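Each chain carries a letter (A, B, C, D and E) given by its place in the written order, and its residues are counted from 1.
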Amino acid sequence: MIDRIKEQKDPNFYINDIKERFGDKILDTAHPRHSRIYILVDKKDAPEVVKYIFYEYAGRHSISSGVDTPDGVEILYHMALDNQRNIFINVKTLVPREDFRIESIGKDIPAFDWIEREIHELFGVEFVGHPDMRHLLLADDWPDGKYPMRKDFRRDF
Amino acid sequence: MSLKMKAFKKSIWVYHVACSPCNNCDIEILDLLTPRFDVERFGILLVGSPRHADALLVTGMVNRLSKPRLIEVYLQTPRPRVVFAFGSCGISTGIFAGGYNTEGPVDKVIHEVDPEGVIVYVPGCPPRPEAMIDAIVKALKAI
Amino acid sequence: MIIFNYLVFPGFLFAIIIGLLTVWYDRKITARVQWRVGPPWYQGFVDILKLFTKETLIPSTAKKTGFVLAPFVGFSTALLVAAMLGVAGLYPKMSFTGDIIVLWYLLMVPSIAIIFGSSASGNPISQVGSSREMKLFMSYELPFVIILFSIAAKAHTLSIGGIIEYQRVNGANLWSLSGIIGFIVALISTQAKLGLVPFDIPEAEGEIASGIILEYSGSLLAILKLMKALLLYTLPLFLITIFLGGMNLQGLGILWFIIEYLVIVFIISIIRNTNPRLRIDQAMNLFWAILTPLATLSGILSYVGL
Amino acid sequence: MKKKTVIPIGPYHPLLEEPEFFILYVDGETVVDMDVRIGYNHRAIEKIVESKTWDQDTFVVERICGICSTSHPFAYVQAVEDVAGIEAPPRAQYIRTIIAELERIHSHLLWVGLAGHFIGYNTVFMWAWKCRETILDISEKLTGNRNHYAMFKPGGVRRDFNDEQIEYALKRIEEVWKPNELITNAILDDPVMHARLKGVGVLSTEDAIAYSVVGPTARGSNLDWDVRRDHPYGAYDKVKWDVCVQPDGDVFSKAVVRLLENFESVKIIRQCLENLPDGPIDAELSEVPPGEGIGIHEAPRGEVFHYVRSDGSNMPYRHKVRAPTFMNLPSFKASCIGEEIADVALITASIDPCYCCTERVGVVDKSGNRSTLKEADLIKLSQEKTELIRKKLGK
Amino acid sequence: MANQMFSNILVVPAIAGALCLILPRVKWIKEIIAFLAAAYTFYLSFALYPLGEVRASFFTLNLGGFELPFAFRGYPLSSLLVIFASFFVTIIVLYSWSFMAGKRGLHIYYAFSLWTLAAANGVLLSDNLFFLLIFWEILTALLFFLIGLGGNNKARAGMGKAFVILGFTDACMLLGVVLVALKYGNLSLSTLKIPVSDTTSTVMYLLFLAAAMAKAGAMPLHSWIPTAAEGAPTPVLALLPASLDKLLGIYLLARISLDIFQLNGGLRTVLLVIGGVTVLAAVGMAMVQHELKKLLSFHAISQVGYMVLGIGTGVTAGIVGGLFHMINHAIYKSGLFLSAGSVEKRAETTELDQVGGLARYMPFTFITMTIFAFSISGIPPFNGFASKWLVYQGLVETHQTVWLVVAVFGSALTLASFIKVLASIFTGKKPEGLPGKITDVPISMKIPSLLLAVLCIFFGVFASYPVYKLILPALGYSTNISITAPLMLGMGFYSSTLATVLIIVGIFIGLLIYAILRTGKMKVVEPFFYGEKFPYSYSPLTKEPDSVRFPGTEYYKTVEKLGILKGVYRDAKRGVFDLYNYLGFLGQSLFVRPMKLMHTGVLSTYLSWCIIGVVAILITVLTP
C-alpha cells in the first residue's frame, strides 16, 4: 500500500481514496488549492481517519490546531505528505460545547502527545485516554477551569 | 577600599538569565564573548553559576513560571550585584504587555524582593553588541 | 634565611604571584588561539581581589565547618607543595628535602579537599561533580605514580633533591626514550590534575554548571581560585623538577628555566584549547588502558637504561 | 520501589540559552528516565496576533524567536497569501529565499559553536561565531539589521536590494565557505570528537517517524524529508541544491547534516543573487477574505507551520504557530534514556532546541481588546509603513 | 612472679567470662564484670611489658614420650601485642554497653569476648606451638559463636564460611605442627630455628602461612570476613576481624617469617605477591560495595596486604612498617567499625544508599570517622601514613618498584573509597527512610572512638614514638631517640611532626589572607538547583514530589561498568575468586557426603564409630 502511495502526487486520488474507505463518515471535503485538502469528520471518527493517514499514506503529523468557534472547539489535524508529494491533508472535526471530549491519539502515536496536552490546557478539551494531562506551557499554579485561548477568556485572577 | 572598587570594575563576572526572551538578546550576549567583540578584554567573564557572578544579564519579560525562578537566581547571587535588563521586553515587557502570562518587566520583579536592587537598562530589540558593551562600561562608571 | 625562603622566595609569596601571572598567561594564550585579544596582565590579581570583596553565600544544606574549611586545607597544601618544590630546587641538599612520597600525597590533598568541600555543600549537582573528580583522581594517579616511581627507582633516591642531583650529574631525564614517554604521560596526568579540558569533567560547565565549585562564592571561591593558580604554578614546576633537572638559578639557568616553564604551560594551554571534553568513562579508559601501559613501558625502558 | 536519584538540568542552566527544565532520573551517571518541563518561555504570541492587523502581525511573529526571525514571518506570509489566494512576485520570492538561507547559515554556525561549547571545545565556539559574523554583516547590509530583519509582508517584501548590496553580498558570502570547511574538517576528522559524538543519543528511523520529527533531526535519522523540496515555495524549486541525509541518527549525524547544509545554503544564496529576476517586490495585498490557509517553511531547525483562519476582518481569527522544536523535543525520551548525564547535555543540544519558538502561544489583555501599543521601539522600524497600510485599508 | 603474671593475664578474663555466663541475669552486672576484667587485664599487661623477656613453665604434658611443656614467654613483641589486645577488648566492651543493650544472648557475648581475650593472650604468650595451636583453635570456635550472635541467616552463612576456612587452615597448621614435631622434636617457639631449604620446610612454612593468612584475612583466604560482616554484630567485627585477628595473624606471620623460619628469596616473593594482590584486589572490591560493614571488611583485607608486603621485604624498615601498620590498622579499623556501629545504631541501617546527611546530627561520629578514614587512606599526618611510608621504604630498599606502585595506588583507591563512604553517610540530604530524630551516640560509645582517634593522631604526628619506643625494642633493637625526631629507617626519612607543623602553618596563612582581605559577610541561602526549588512535584513518574539526592553509592558505578574491568567485577560478584566456593565443594564431596552416608540414625552404628575412634587414638598415642 505504502509503496504505491509514495509515488502518488495527485490530490484527487487521496480525496477519492478516503471517501471510498470511510464512506459516510466523511461529512465534507474541500480542495481550495492544489496542495490543500480539508476533510470534515465527526469527532468520534477523527482518530480513525487520522491514524489511517498516518500509517497508510505515511503522513507526517505536522501539528493539530484548536480553534474556538461559537459552536465549540474545532480541532484540525494537519497531516503533511512528504516525499515530494506536496500535499497537506487537514482533518477537521468539531468538539461541541456540550461535550468537551475527544478520543486521544497521543496514547498511540507519540507525535500527538504534546499538542493534545497543549490543546487541553489552552482550550479545555479533554482527550480521553491520554496518559499524561499535566500542564505543558502554563504555570503549575494556574487556576483550573481557565482556558486562555478561548475567546471568552478574561484574566481576572 | 578604593582599590577593591577598582578591582570590582576591572573584573565583572556575569551570569546569563533568560526569563522569557525571544532568543535574540541571548545570542547577542553570547556574541559579546566571541572574537569580534571579546569582552574578556575588560575582564568580563561568563560564568556557570550565579554564586560566582557579579552581574545578572536578564533578557526577556518575566512570565508566571519564570518569575519565582528569576527571584531565586537573584537571591542566590552574592552582593554586590547588578542586574542588566536587556532589550525592550526586559525593560517594559514590550510587545507582550498585558498578556495573562506576563508578570511584568524585570525591574518590577526584582524590586519586589529587593527594593534597593541596582538595575541597568539596555534598550533595543535586540540591543546591538556595541550598545551592550557601552552599557556595561557606563554602568560601571556609575557604580 | 630559611624562613625567608619558605615565606617569600621561592616560597609562598613568590608562588602566589607567579601562579596568578600564569593564570593570565594561560588565558592570554587561549584568547590568541581563539582569535581574541584576551585580558590584561593584572586580570588574575583583580579577579581574586574582587572575589574577596564579595559576599560569601553558604547553602543551608551544607555542613558548614567542612564546607568552609575545605578550601583552606586545599590552599594550604598547594602552598606547602609550591614552597617545598621551590626550596628543593634552590637547595637540593637542604635537610628537609621534601620526600617524593610526601609530596605526592600532598599533591593529592587539594583534590581531596575540593571533593570534600563540594560534597559537604549538600548540593547533589556538586556531588555529581565530586564523584567525577574522585573517579578522575583515581584514574590519573595510577600512571602518574608509575612514572614518579620509575624515575625515583632510576635515580635510586626518594627525595626531590636526590632526583635533581641525579639529573645534574647524568643529564635531564627527558632526554631519553623512557623520559619522553614518561613526560607525555605525566603531562596528560598533569592536565587532569589541573582539571583542564579535556579533563574538566568535574567542573563541566555545560553539563553540571561548574560542578564541584558550584556552591562556592566570594572569599571561599577566591581561596579556591588561588589554589588553582598555585597548582598551575606547582605542577609544571614539578614536571620540570623530575624531568628537566629542576630550577637552576645560576646565570643562564634562570632564562632556561623560564623558557622551560613557559613552554610547558604553553603546551598545557594548547591541549586545553584543541580538544573537546571527554566523558568520565572515556577518561578512565584512557588513563587505565592506554596511559598506564605506556607508563609501565617507560618504567621498563628506564630500567634497562634507555 | 526504590526512590530514584534525580538530577535536574535547568531552568537556568549554563548549557541552555533559554530556560527549560529537564528532570533526569539517574542510576550512577546513567539516565534511566527523564521528563521535560517547558513553559518558562511561554509568552504571548498566538493571540497577540488575533488582536493586531494582518500587517502588524508580521512583526509579532518575527519576535517568536530571534534566531528564526525569518522563518516565522516567511511561513506566516505564505499562510496569509494562501488565504487570500495570491502569490508574491518572483523577485520577492528570491529575496525571501536569500534572507531565509542567510539565516540558516548563521543558525547552523551558531549551533556548531554552542555544541562545541557544550563539550568544552571553546575554540570551535569562537571560530564558528567568528565565521558567523560575516553572515550577520551581510544581513545588516541587505536588510539593515543584524537579527530582526523586518523584511517580510503579506504579498511580498518590504525592501528591495540594489546592485551594490548584491555585489557586496556575493563577495562576502564566499568568505563563509573556507571557514566552514575548516570547522567541518575540525569536527569530522577529530578522533576525540568521534569518541564523544558517534553512537550517542541515537534516534532510530522508526522513532523519528513516530515522533514526526522535522528538519535536521529527521534528516539525521535517515528520513529524506525537507519541506523546501517536498512542498516547494519561494525560489527553492528554481535553484539547484541537495537535501543532506545521514543514516545513523546519532549526534554526529545531526552535526554532519548541519555542516553540509551550510554549503548548500551558500550555493542557494549564490544562485539566487546571481539570477535575481527584475520586477515588483509586492503583490499589494489589500484585504484578506474569510477562509483558512497554511504556510510552511523549512527553518534551520525544521519545518515551521502556520495555520491562519480569517473571518474577513483586518485581524486573524485564529493563528496557530508550530515551531520545529515542538515536534523534536518529545523525541528526547526516545534518544536520551540509557545515556550518560554528560551525553544528555549534548543530545539536548543536538536537536538545536529553540524554546522561544516552542512556547509561543499567548493571550493578550484582560478585556480581549487590543493591547495598548507600548512596543514603540519594536515597531519603530516600520511604523510609517504600517500607518500607510492602515489608511489604505480604510481603517 | 612471672608465673603469677602470666596466669593472671589468662585466668582473669577466663574466669570473668565464666562469671558472665553463669551469674544471674541482673541488669548491668555482666557489663561491669566484663569491663572491669578487661580493664584489669589491660592494667596487668602494662606490668608485663617492661619485664622484657620472661619465661614461665607451668607443667609438662607428656604425650607418648613427647614432651610438651605448657610454657609461656614474655617476649617484647608479645607483651606489646597483649597490651593492645586487652586495650581493644576493654574499649569494645565499653562500647557494647550501649550498642548491645537489649539484644539477646548478651551473657554469651560478654563471656565469649572475655574468653577471646584470654585465648588471644594465650596465643601471644605461648612458648609452645602445640598450645599456641590450641588457643588458636579456641579462638576459631569463639569467633564461630560470636558471628552466630547476629542471629540471622546471613550470620549463619558467615559462621559456616568462617568455620570452613578457618577450620581448614587450622587443620593446615595442625599438620604443620605435627610435621615440625616429627622432624625436629621441638615445639618451643623460642628455640626453634628452621632454615627453609628443602621441600619439607617449605611445606611447613606454607602450612603455617595459610593459618596466619586466613586469620589475618589475606587473599585468597579472605572471603570469610565479608560474609561474616554481613551478619555479625558490629562490635564483634570491630573486635575480631578488625583488630584481634589482625594482631594475631600478623603476629604469627612475623614469628614464623622472622624467628622460626629463615626465609629464602622465593618465599619472600610469595609474600610480596600475596600482599600486593591483596592490596589491590580487595580495595577494588571495596570500591563497589554498597553496604558499609562489607565495605569496611574488604578494606580490612586490603590493609593486610601492606603488612604482608612490609614483612615480605625482610628489611628493617619494611618489617617495622608492617608491624606498625598492624597496630595502626587495628586502631583505625576497629574505630571504623565502631563508627559504623554508631551509624547503625542511630540510622538503623548500614546500606550506604539509604543514609545521608548525618553530619549535622552526629558531628562527633563524623569527625572521628573522618580521622579514621584519613588514617586508613594514609593521609599525612595521620598514623596510616607513617606506617605505610615505612612499608614503602622497605619496598624501595629492596627494589620492589612494582609492588611499591601497587601499594601507593592501593592507598589512593582506599582514599577514593572512603570519600564515597564519608560523602554518602554524612553529607548530602537526609533521606526520608531514616528515623526522624537522630542524635549522636551516648558517651559510653563515644569514649572508645575518641580514644582510638586520639591514638590515630598521636601515632601519626609523633610517629617516632611508637616506632622507636615500642616496635623497635619489641624486635630487639634498643634505641634512644626523642619522640619528635624524624623517622629514619632505611634510606629516607619522614618528619611527621615537621609536616604537621607546615600544614598547620599553611592553613594559618590561608586563614590570614582570608582575614585580611575578606570584607563580605557570610549569608546562608538555599542550595542552587539552577533556579528551581525542590522538592518539585511535576513529574508523574514517581507519583510524589521529586527531591534531589545523589547518594554516594553512585560514585563508582562507572568503574563497575568500565570496559576493561566489567568482566572482573562480574566474576567477583559470582564468587569466581572466592576460594571458599571451591573449598566448600571439596569439603562437600570429601566430608559431608560420606558423613551423610554414615549418619544412618542407628545408635549402634554411632557407637561402633566411637569405639573405632577411641581405639585409633589409643594406638596413635601409645605407639612409641
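To be clear about the criterion, a contact is a pair of C-beta atoms (placed from the backbone, for glycine too) under 8 Å apart; a residue touches a chain by one contact, two chains touch by 3 or more.
Remember, predicted model here, so these are calculated numbers, not experimental data.
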Exercise. Ignoring subunit A, which chains remain connected to each other?
Worked result: one piece
Exercise. Any idea which two chains share the most contacting C-beta pairs?
Worked result: C-E
Problem set entry | Identity of the chain that, by mean CA position, is farthest from subunit E | A
Exercise. So which chain ends up in the middle if you average the CA atoms?
Worked result: C
Problem set entry | Centre distance in Å when subunit B and subunit D are each reduced to the mean of their C-alpha atoms | 25
Exercise. Just curious, how far off is subunit D from subunit C if you go by their C-alpha centres, in Å?
Worked result: 45
Seminar exercise, completed: Distance in whole angstrom between the CA centres of subunit B and subunit C is 35
Seminar exercise, completed: Residue ranges of subunit E touching at least 2 other chains are 519-520, 523, 525-526, 528-532, 538, 548-550, 554, 558, 561
For this session: Quick one: which residues in subunit D touch 2 or more of the other chains?
Result: 5-8, 11-14, 19, 29, 39, 42, 126, 130, 359, 362-363, 365-366
Exercise. If you look at subunit A, which of its residues touch at least two other chains?
Worked result: 138-140, 148, 153, 155
For this session: Give every residue of subunit D touching subunit C within the complex, in rising order.
Result: 5-8, 13-15, 29, 116-124, 126-127, 130, 190, 192-193, 195-196, 340-343, 345
Exercise. Touching subunit B in the complex: which residues of subunit A?
Worked result: 138-142, 148, 153, 155
Exercise. Any idea which subunit C residues touch subunit E in the complex?
Worked result: 12, 49, 52-63, 66, 71-73, 75-77, 79-80, 96, 99, 101-102, 104-106, 108-109, 112, 115-116, 119-125, 127-128, 130-131, 134-135, 137-138, 141-142, 145-146, 149-150, 152-153, 157-159, 209, 214-215, 218-219, 222-223, 226, 280-281, 284-285, 288-289, 299, 303
Exercise. Considering the complex alone, what residue numbers of subunit B touch subunit D?
Worked result: 16-28, 30-31, 33-36, 46-50, 60-61, 63, 65-66, 69, 73, 88, 92-102, 123-126, 128
Problem set entry | subunit D contact footprint on subunit E (complex, rising order) | 431-432, 529-532, 534, 536, 538-539, 541-542, 546-551, 554, 557-558, 561
